[in-house]
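Next, two complexes with chain A in common: one pairs it with chain B, the other with chain C.
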Partner chain A sequence: MDASAILSVEELTVEMKGKSGISPAVRNATLSVRSGAWLGLVGESGSGKSLLALSILRLLPRAATMVSGKISYQGRDLSKMKEAELAKVRGREISVVFQNALTALNPLFTAGEQVADVYQFHQQASAHEARERVVALFGAMGLSDPENTARMYPHQLSGGMAQRVMLAMALICAPRLLIADDPTSTLDATIQAQVLDVLVDQVSRRKMSMLLISRDVRLVSALCSTIAVMKAGEIVESGTVGEVLDSPSHPYTVQLIVDAGIKERRPFRRAQEAAPR
Partner chain B sequence: MNSSPPQSAETPFLEAVDVRKSYGVHAGWTRIASITALEGVSVQAWEGKTLAIAGESGCGKSTLGRLLLGLVAPERGEIRFTGHPLGALTEIGWRNFRRSVQMVFQNTLTSFNPMLTVGGTVADAMRLRSDLISKQAKMGEAGHLLNQVGLEASLLDRYPSEVSAGQLQKASIARALATKPRMIFLDEPTSALDASGRRQILDLLSRLQSELGLGYVLVSHDFHAIGAMAHHLVVMYLGQVVEEGPAAEVLKQPLHPYTRALLAASALGSSRGSGWRIRGELSQLPPGYQGCRLYSRCPHAAPGCRELQTLVAVRPQQNVRCWRAVEIASQSDNSERKSHQN
Partner chain C sequence: MNASTISDNSTLSAALARWRRGKPLLLSPAGIVLAVLVASAILAPMLTPYDPVTPFPAEKLQPPSARHWFGTDPLGMDVFTRVLYATRIDLTAAVASVLLGILVGAPLGALAGYVRGWLDEALMRMTEIMQAFPQILFAMAIFAAVGSSVRNLVLILAFFHVPVYMRMVRSSALPLRESEFVLAARCAGHSPFSLVIKHILPNALVPVFSQFSLSIAYTIQMIAGLSFIGLGVHVPQAEWGAMINLGAGYVIFGKWWPAFFPGLAAFVASFALNGLGRRLKERLIK
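On to the complex of A and B.
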């Protein structure tokens, strides 16, 4: 096992119960995220990449069961942890951001309340302190009127605002690892770029590690240092972005690169300041 | 079959002339506000060519599509089919229009009738044709059309839920071809597919265009698809055309700040994916406001931007609705070059 890994998943197998019986959705998957590094997990819809991510924090849907495997986070096996112990890890040490922020938020509470709740749970802070924290973090997320946004209910938020709120919820307890499951794929292109600016800024400033799950090979190649390719429940290839994309060994990886039309790779570039008027 | 009326080389096949459309916001029976979805938009589509309309949600591209297809009427301006205003078409003229202009939608699973087989759906579209009467003849033709789009005729008897999304999108192209159209309206034809399906559809559409001389109106935010197919590109923002021109030119040297932001955002991780951004989110404009609609979001906004902005030819055939377009483009090209050197 890699000693510098903050998270390692070994020989993970997840089974799905369906109409036609039990079928494996993730088979013998092994990957590790090194401390401070970004790993991109790519694959088409249905390849099992989201199930793999969900099983890390034991958030699998009822129809899915983790059958075998080991999930170590800083030397501790998450899959054997008691539920109460794991609750302390979720949100505080490992956070998740899902694809569709608007459905992930609770419609009955304001954005501010939901984020403050997470902070109060983990840090035993006062309501007032939590509130101040939330507003400050909303500002750092690039929300233009943080005070007002905190008072809004999810249906009043646009997709881009909701995803920033989710990101704030994931980051408020300063976790060490962020699992981001296709966080920007439902957003318009220009909004996607804005949200990615914030994500990259915040995660790199806090020197966090990230597991980024995406269908967009190009995006992963621009953001991550290592990449794992998943197909039909199996990880078919993994390595540094340079190794995998410049000399892919699995035919499926070759196909993904051709289909994405990647001819050259450039690192992600954050927003530039406007030229002086 | 020669069903299209005679037309000169100067008449576009399908054309929107200075159209305006707004929607009412209602509280009960009372109209409390109106939202302008399109304001003074003119576009032209030609046979054998692809007109691409790009923009994000809320830019009015779907409304423009509904107008071009004659599904709703504009409040001002008109839609012309081979030079004739749609409003003045006779019933026979309308039939000809419906036959000649077909459509392919984004989500195939919702645009196919789940109770009909794929063959049944394709054959049903042939009601507009007078040369095929018997069910057998229609099914035969449907099988032929499936072959034409690269599917096996055995798919005829399958139901939509039994075929893959990529196959169904090909079948929906076959359905559009069933009336022998001259133009097909494509509403985000690739966005519901993954990368391999997307490439197959683009290849198929290009092949059909060169074989049949079809015209396309492609509504999309996928610049990969636009780059591969479009001849002419129109970029829309909040109901207005902000930039238009030959697709290759606009993609190579976008001039409007919005086009630049859109292109940069769509190409993250490639050399085009610069750090050019617009701020904030789409918001409605105060009534009576005539100035640049991007004003509050543009990193280069200046007081003069609040004046009336018109589409101005900056290069031959390339029109831009921004009075500082050239200045901003050269400024930021310089700073890009510097940051590349660093």
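On to the complex of A and C.
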């Protein structure tokens, strides 16, 4: 095992119970995220990449079970941890940002309340202190009127605003690792770029590690230092972005690269300083 | 991953949005009738010069007249006055028992729906046992054991409501359990307790609001029924069922008014509450 890894997943197998019986959704998946580095996990929808991400924090849906494998975060085995201990890791050391931010917020509480809530129970802060933190962080997320946004209910937010709120919720306790599950795919192209900019800026500024899950090879190759390609529940290829893109060994990877229209790799402007190789 | 998203129609925010678009329910016929009932119960001392519980044997069984709009009963008490005062007991006891039932049933239902497993099984079997009791018989047995009073009446009726609301909230908590915001809340490290109380329960309350009014209508009939057979509220306390009981024996002698008017009041109240419940359901659950 790689000693410099903040997160490593070894031989993970997840099974789904369906009408037609049990089928493996993730098979023998192994990957590791090095401390401070960004790993991109690419694959088409249904390839099992989200299930893999959810199994890291043991948040699998009822129909799915982790059958075998080991998930270690900074030397601790998350798959054997007690629920109460795990609750302290979730949101505080490892955070998750989902695809659809609008449905990821509780419709009955304001954006500010929900984010402050997370800060309060992880840091034992006073309500007032938590509120101030939230407003400051909303500002850092590029929300133009943070005070006002904090008072808004989810149905009053646009998709871009909601994703910034979710990002604030993920970052408020200063976690070490962010799992971003296709965080911009439900947004318009222009908003996508803005939100991505904030995400990249904030995560690199905090020197956090990231597992970026995406269908977009172009995006992943621009941001991440290493890449893993997933197909039908298996990781078919992984390595540094250079290795994988320049000399892909699996036909599926070749297909993905061709489909994405990548001819010449140009590193994303922040990727270099953010993700040491 | 496309986690099963719950249909947007069933969320409380969608229900609230539909609510705001509609006309105020108080302006519906059922709403007006209820408002009049409640107002007359509150203003009863100003609407009638008589006392509801002081017998006046000299004027017993007088037919409806300008002096006694609904006539007088076998003890000489003014029926109109008693019908008004009875609204207080009937509505308060009904509302109190339903609220108590929700207070106990809803959180248990949310818990059962969220944790599933053996606790869910145990709680659901418990509701089945509770619902298997014949209600009147059960009430009679309890009253025989602990004595008959309005407080005990409310407690027994609440006992009947608990399983109803438990099952209702559980079934709307089940899809919420798999919803994205609950998943996101778990990701953020919420404890199971705060998940159930903050994220599951409030969002599972939509059907409870629409059932509320129907439950009260049903409970008014239960209260009247139990008091009619002499359980719960006793003569001379003014209560519709007890009043019907008091007047029932005189109907065959042509003195219909002491039983008819409280019966009419109970009917109108239940009818209006059912109408309101139907409207609530249409408005909140699409």
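Basically, the second predicted complex is superposed on the first by the 268 of 277 C-alpha atoms of A that agree within 3 Å, B and C clash if a C-alpha of one lies under 4 Å from a C-alpha of the other, contacts with A are read in each partner's own complex, and residues count from 1 in each chain.
One rule holds for everything that comes next: contacts are C-beta pairs under 8 Å (C-beta built on N, C-alpha and C of every residue); 3 or more make two chains touch, one makes a residue touch a chain.
For clarity, every value in this text was computed on a predicted model and none was experimentally measured.
On the superposed chain A, the two partners chain B and chain C both fit, without a clash. Of the two partner chains placed around the shared chain by superposition, neither chain B nor chain C is touched by A:Gly233.
In the superposed model, A:Arg62 makes contact with chain C only, not with chain B. In the superposed model, A:Leu196 lies in contact with chain B only, and not with chain C.
Touch criterion met: A:Ser144 reaches chain B, while chain C stays clear of it. When both complexes are overlaid on chain A, the residue A:Ser45 reaches chain B and chain C alike.
Seen from the Cα centre of chain A, chain B and chain C lie 90° apart once the structures are superposed, a value rounded to the nearest 10.
After overlaying the two complexes on the shared chain, residue contacts for A:Phe98 are found with chain C alone; chain B is out of touch. Of the two partner chains placed by the overlay, only chain B lies in contact with A:Asp259; chain C stays clear of it. Contacts of A:Ala222 after superposition on the shared chain: chain B is touched, whereas chain C is not. Our summary of the superposed model lists a minimum C-alpha distance of 7 Å between chain B and chain C. In the superposition on chain A, the residues of chain A contacting both chain B and chain C are 45. Of all residues in chain C, only 1-5, 11-13, 17, 116, 178-181, 183-192, 194, 198-199, 202-203 touch chain A in the complex they form. Interface residues of chain A facing chain C in the complex, by the touch rule stated above, are 45, 49-51, 54, 57, 59, 61-62, 83, 87-92, 95-96, 98-100, 103-109, 117-118, 121-122, 153-155, 166, 169-170, 181.
Residues 56-57, 194-196, 198-199, 221, 224, 261-262, 264-266, 268-271, 273-282, 299-300, 302, 328, 331-332, 335, 339 of chain B are the ones that touch chain A when the two sit in their complex. If you check the complex, the residues on chain A that touch chain B are 44-45, 144, 158, 160-161, 188-194, 196-197, 215, 217-219, 221-223, 255-256, 259-272, 274-275, 277.
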